[in-house]
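Order as written gives the chain letters A, B, C and D; numbering starts at 1 within each chain.
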Amino acid sequence: MTTIATNPIEKRTENRSSATIRFAGDSGDGMQLAGSQFTNTSALFGNDVSTLPEFPAEIRAPAGTLAGVSGFQINFSSEDIFTPGDRVDALIAMNPAALKTNLRDLVEGGILIVNSDEFNIANLAKAKYPTNPLETDELSRYQVYAVPIATHTVEAVKDLGLSAKEAERCKNIYSLGLVYWLYDRPLEATINWIKSKFAKNDQIAQANIRALQAGFHFGETAEIFPVRFRIERAKLPTGKYRNITGNQATAMGLITASRLCGKPIVYASYPITPASDILHQLSHYKHFDVKTIQAEDEIAAVCMAIGASFTGAIGVTASAGPGIALKQEAVGLGVMTELPLIIIDVQRAGPSTGMPTKPEQTDLWQAMLGRNGECPVAVVAAASPSDCFQTAIDAVRIAVQYMTPVFVLSDGFTGNSAEPWRIPKAADFAPFPVIHPADPTVFQPYARDERGVRPWAIPGTPGLEHRIGGIEKADITGNISYDPENHQHMVNLRAAKIDNIAREIPPQDVYGDASGDVLLVSWGGTFGAVRTACDTARKRGQRVSHMHMRWLNPFPSNVGDVLKRFKHVVICELNMGQLQLLIRGRFLINAHGLHKVQGRPFMVSEVLAKVDEVSRG
Amino acid sequence: MTTIATNPIEKRTENRSSATIRFAGDSGDGMQLAGSQFTNTSALFGNDVSTLPEFPAEIRAPAGTLAGVSGFQINFSSEDIFTPGDRVDALIAMNPAALKTNLRDLVEGGILIVNSDEFNIANLAKAKYPTNPLETDELSRYQVYAVPIATHTVEAVKDLGLSAKEAERCKNIYSLGLVYWLYDRPLEATINWIKSKFAKNDQIAQANIRALQAGFHFGETAEIFPVRFRIERAKLPTGKYRNITGNQATAMGLITASRLCGKPIVYASYPITPASDILHQLSHYKHFDVKTIQAEDEIAAVCMAIGASFTGAIGVTASAGPGIALKQEAVGLGVMTELPLIIIDVQRAGPSTGMPTKPEQTDLWQAMLGRNGECPVAVVAAASPSDCFQTAIDAVRIAVQYMTPVFVLSDGFTGNSAEPWRIPKAADFAPFPVIHPADPTVFQPYARDERGVRPWAIPGTPGLEHRIGGIEKADITGNISYDPENHQHMVNLRAAKIDNIAREIPPQDVYGDASGDVLLVSWGGTFGAVRTACDTARKRGQRVSHMHMRWLNPFPSNVGDVLKRFKHVVICELNMGQLQLLIRGRFLINAHGLHKVQGRPFMVSEVLAKVDEVSRG
Amino acid sequence: MTTASAPLTPKDLKSDQEVRWCPGCGDYSILAQTQKVLADIGIDRANTVFVSGIGCSSRFPYYMNTYGFHSIHGRAPAIATGVKCANPQLDVWVVTGDGDGLSIGAGQLLHAIRRNISLKILLFNNRIYGLTKGQYSPTSEQGKRTASTPLGSIDPPVNPLSFALGVGATFVGRAIDVDIKSLQLVLKRAAAHRGTAFVEIYQDCNVYNHKAFEFATDRNTKEDHIVYLEHGKPLIFGKDRKKGVRLNGFTPEVVDLAGTPADDLLIHDESAHSPALAFLLAQMKFPSMPEPMGVLRCVESTTYEHMLEDQMATARRQSGAGDLDKLFSQGDTWEVE
Amino acid sequence: MTTASAPLTPKDLKSDQEVRWCPGCGDYSILAQTQKVLADIGIDRANTVFVSGIGCSSRFPYYMNTYGFHSIHGRAPAIATGVKCANPQLDVWVVTGDGDGLSIGAGQLLHAIRRNISLKILLFNNRIYGLTKGQYSPTSEQGKRTASTPLGSIDPPVNPLSFALGVGATFVGRAIDVDIKSLQLVLKRAAAHRGTAFVEIYQDCNVYNHKAFEFATDRNTKEDHIVYLEHGKPLIFGKDRKKGVRLNGFTPEVVDLAGTPADDLLIHDESAHSPALAFLLAQMKFPSMPEPMGVLRCVESTTYEHMLEDQMATARRQSGAGDLDKLFSQGDTWEVE
């Protein structure tokens, strides 16, 4: 194994089109911070960037344990990228536990920087290492750099008068500096960030800056790294950019939609991982006419949203799997009363409590089919963090224009990871103003327009007083009705209304050729891995195309046609075949499935392997 | 139109193989009672019998209104029958509202007996009749007998000293007597019933007996009915019989299952139409070791059942659509903790509150697919009221043998209507005793046997102390685990366990030929109409067979083979295609659907029409 | 409260829907009194919303010619909270039952009350589940034999008023369906209250629990069994107003006015700082004590909707009306050229 | 309560699972005291079940070497009710949090308490949602700034003890995570109670709501801010036990013992017939009053499980052990030959 070499080694800089690195350490080690700084710096530098943060399930698992490891992976590139990368080219492991849980994702021959200070007996035991891996040959397949990061850090800041603890806390910034050197990144952005973040504590600010520089200089001078790498700027569309997480984008999309239709948002929800952040975000935007209510539970939350919608606001609620289950009875009320309502499901691994911090796409059935009675709603899914923005706008538009609950499917990965977002201009979005009825002489609560949509008459309007509820309604009048034919008629009308939404959404597009050997189908957050796999396969000469489905209900009207033009169809989803069943049942084609429920996104290689498998036949 | 003829008419008795009649009146008129007496008498007489009670949605809708009409339909026959009949041969309408809401179900030329006393202006107005239909020709297509039933009744009992109100109350029994005459039934059973029912009030008993006889004699002597009908005894399997409703049968099935496996029942539920009766029934059987708890809501109910199952009882809960929706989060907990749990869904018309008193089969998706995460459970459906008995036993057996939640699907029609049940002998059922583990040296909470089932270790057992919960479990140990591969493994194990149940259930059988033109597929309460239609079609010479599916999850292993042997497959369900989607998606066959959501069972004629439609191509 | 200009009659508040309770149901009287009171105070129909859950009582909104929402079982307080938050100008009433409000909906009721959001919540307590045909409810007396409890129920009942006081209600009242005068009075007071007003109404379900409140409605005896509360007045009751309630330590007891100095009697104070007095009154139960009717508690406290609007205004004041372009550009940004 | 023969040590009650609360979390102390108390009273591990919902506090069962069920959010009281009904011999403990128990689970908690089923319910009140990273909870003080309320929360808090008393609790206690002696005492009393025992435990969440209870834990000042209740004893507190609580009408007030006759002080009566005194104590809040610690209320009343078993026995006595063949043949039957 390699330890710090004392012999000078000649330095080279190699160009790469992209690299994937991961910071991993104890949850107290500040890995999320190091990761986001690296992300920002790379984005500012001009790379395309995609990230994957991984948190431990516990708030503060005991230091040094396997359960307490926190990680942050960044894929940065000179080309368009859609995933945070399958495996990492460089891993920074701040302690034995981080090494243990992350090593398997390091490519063979990859760079492994470990904080050797932490490889003591106590920590090795906590990580369940019987022997010190730095002292055996178990790491021989990697380029291992054992750096006493803590010692170096403390050394670097020693004359600033910090306590030992405070000094050591800068070690994440030291390792960031080291990795900046390794990938030839400028320090400037992070230095500025440190200055503003610790504006009130110059001592700490100085310490962090020193640590950053020390790390960088160690790379430069210690002469242990034979090469450094350069990833050039990507050719991205011009414009102003920022990083955005999916949950932020959802919040902003809701606010934008509210402006576009001229109706305020009432957002009621009950905290739950990984959806809580949308509530946190929105609670800052009261000046955008957003009222946020932290409800006593999910049932109350969705009911508050329904009450608000009845009153002319856009009622929105969000949760994850178990909380969505609780909302379903009330979603049914939304269907029967035909009110606009947005239900956001930031999916996580289930069943039951499952693995709350891990993403999955296992709530599609629940969203589409999980209610009593014939109870159709519109369902749309976000493809990426930034896509959550447009998805939220689309959902609100359909909800108010079709007077229907709309499910928005996101997931823990899409919701929490960040990607660069080209900042749009507010003026570029087409408004979709809502008009409430006001004329009592022609008003009927359940009369319908040509799209099958009933009027949204709201309390406060003189002369339109009316009553709605969850019992079957008579057509036109909306009075209670137990009439058999009326019930069939109303079930049909509600179904037809949802089907009509297909008129409003763009036809399904296909990436690649319109026909071929393999059609890869994705929905929601699996977009990135599947798109990347499609690109790779096409470069290899395979006749592969990609159909990413944004609307899951209704399907765009041409989906059946698209499917028929391919020899093989593979539906890639982080579940055991939920969209697959719907597509097979609807179109009677033998669609294959690529399934995974491991609380992690697809790897591109997994998709490619499946392409090869079905192509072989 | 026909009124009471004064000219004597020659009387004939005609033989019929079956007849369908309906008593309809105000909900205060005692129609349910008349109907059940007619049922009992016919069953005792030896006919096969099938009934359809229909209640108004309101507890006591205002007298005389359309909303207040209550009906009871009886199909009785000298042959095996499976449905209460599509349309009625004779309708007894006690007031204008009853006439209005029931007339369309009377066959052309059918017998219509109306209580002319109630056809006054006030009642006609309440029934929204602009003119008295007895005085126009709107009833000309029927044999109308306008009988002043109330007057006759009061007259018949006048010397017994009853109040006018009390006297008039016997009018349902008078009409029963009249119909007894019409169908040549003995009075004896009803007289005995009256005597025991009013044992404490001889005056009322006498009055009812007199009314019964007066009705009968009116038929005999008034010489207005040209014919009466005789329906001979059916050739039923020998044995002792009783009438049973689906909800009664479910209750008894649960009790029987409890005995067979040697575990007590803890039944926790929250009242809801049409499931409450199971709670009512079971609350009488404490001496069978059944504990019933009326919970504060559905969530508490299912959680109490889960707690009881953890403790070694059979936890059972029941509800209808909206309540089942509320239980889903906890059902997921049952799946994750792999505990036996029975969830009974007595389906009613939805979505939302829908039409609570009306049956539907629209909760199949909810039961199979309506939870967060990959969350499979076993699903079984009862074909008829008496079949609820065996269904409950099967559900409990699978639940304890496979340590899994089992959904039992019934519906408002199956649950509330009655049919004759050949009383089994307790000794005829095979026990399936449960053995709890006791040996601490080999115990692992999530170790599995060859069927993939974990042990049911219960509190109170020394040395087996362990903890379970809703977070993903590590294989074997059952400890909390966030390991990616473990999660995939556990999802697979849970799915495989449910699939393994297919080993335990009989292969799918087919009624009729094993191949042919049309395979009619039914599940749950649509059995009867489909079986009858199949018989009829076969008699007509059509190559039609019938596959009734008892297990919806897992499917019996040969279902795919069966389906492939028919040119056309028609899935008949009281929904808009729920099983249809599952079958199409699984087997990729172009299964047609016969769909109906009108809060009513299929009519045989509807099924036959569909057979003709698909046969034509 | 919003008031309209045209004088309103109870008839104006009747919707076109046929009332479908059982003949003799106590709900009829409550409906009539509500229509009377709301007409009297001259509400604006367009600005009034009735929200209910599920149960016989919850059919109420259909019969009111205002906006109405017959929602799902137990959730009316949450729906109504959404309505009120979306438009605080509206007068929002909630109608619930003892099952709807205290069984499945207890969580929602609790949180509406503790938020002190201006909903007027009427809980029709008939001590039974009416709509589902007569199972015992959370307010049914222990030992009640019903369809689901042939041997008698075993759960001790919940006292709705104690519950409401326990979770911080700012207005708590009680009335009886057929006691028209006091029912009107309590409804009027509830309508005027800012914050959550919680009113329990004893209601006769004449099909499944007839005469559950006979002690409080029987002409001959009722005056001995209930005491009308008046703020600042001593608790005096009985046919000839010859009985009073006095405190013995923490235990209220009935005394004969003849032998008791007037000062000894318990004086009602609906606006006491602590809810302890109201709590003690709420605990008085027939037959040992007369049951209190009227307003047990009424205190001023900032309402939820007021604070919500206040925060909205503050945010607007501090940050100006939100600017989307600014929002989009928050945080670190960079240009790609 | 079931007791085992072998003497038990707290260590016997530790499971093999790593404890995963944040370092410094108050939950550690509660766990240790629970293990100590249960060892002291010599429970039978095999007959003991801990049930919890979801939250940091709800991880508790994993660390107890007894039977345990970490269920779903808010529903532990219902799961535990199922456990206790299925086997009344078991000692059943419920661990819940202020969010788990008073927010999503308020309905279940209410009904467990009102049933008086023998569950020992420990509500770890840290006045915050810990597990979901620090949103305000139903017990958070108004105006609390959290992740979800940057301008401060606007809901008035629920007082868990008043709530429990309002719905008829037969045992209500309060203790503090780090106040080992009184915590042990309350736990012991709860363990011994027949019926539902409800215990609120002030718990420090040192990550999201550190020092929320400093007033009650700070060595220097705590004795002036809390009063330990003792049955039959006057309420005396303060560093030198020089202060007392006296009633002024219905309002409790703090007095200097020096100037007050001993008889004037409020005497604690945990078994008072009426819960009004306990309610009044529960309302005493820092800073105006010392907060009561210990047992506020403890009265005997028939338990739910007792009545349930009683009905089971009665049914068996009256009808004999059920006979399936008889059951099948109930009602009208007929023979087909």
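Everything below uses one rule, namely that a residue touches a chain if its C-beta (ideal position, glycine included) is under 8 Å from a C-beta of that chain, and two chains touch if they have at least 3 such contacts.
These numbers were taken from a predicted model, which means no experiment stands behind them.
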{"item": "Contact-richer chain pair [B-C vs B-D]", "value": "B-D"}
{"item": "Far-end chain from chain C, centres as C-alpha averages", "value": "A"}
{"item": "Chain A and chain D, separation of their C-alpha mean positions in angstrom", "value": "40"}
{"item": "Chain B-chain D separation of Cα centroids, rounded to whole Å", "value": "45"}
{"item": "Interchain centroid distance [CA atoms averaged], chain C/chain D, Å", "value": "29"}
{"item": "Residues of chain A touching at least two other chains", "value": "67, 286, 296-297, 299, 322, 329, 332-333, 337, 352-353, 469-471"}
{"item": "Where chain C touches two or more other chains, by residue", "value": "54, 72, 103-104, 106-107, 110-111, 138, 151, 308, 311, 314-315"}
{"item": "Residues of chain B that touch chain D when the two form their complex", "value": "40, 43-44, 46, 189, 193, 236-243, 252, 255-256, 259, 264, 266, 268, 285-289, 291, 293, 295-297, 299-301, 303-313, 315, 329-330, 333, 337, 422-426, 459-471, 479-480"}
{"item": "Chain B-touching residues of chain D, taken from the complex the two chains share", "value": "15, 17, 45-49, 51, 54, 61-62, 64-72, 75, 77-87, 89-90, 107-108, 110-111, 308, 311-312, 314-316, 318-325, 327-337"}
{"item": "Complex contact set, residues of chain C against chain D", "value": "103-107, 110-111, 114-116, 138, 151-152, 154-159, 162-168, 250-251, 272-277, 279-280, 283, 301, 304, 307-308, 311, 314-315"}
{"item": "In the complex with chain B, residue positions of chain A that touch it", "value": "57, 67, 299, 320-322, 324-326, 328-329, 332-333, 335-337, 347, 349-358, 360, 362-363, 365-366, 369-375, 469-472, 482, 484-485, 487-488, 491, 494-495, 575-576, 580-582, 584-586, 588-590, 596-600"}
{"item": "Interface residues, chain D side, partner chain A - complex", "value": "18-23, 54, 56, 72-74, 103-104, 106, 129-133, 135-136, 138, 147-151, 153, 207"}
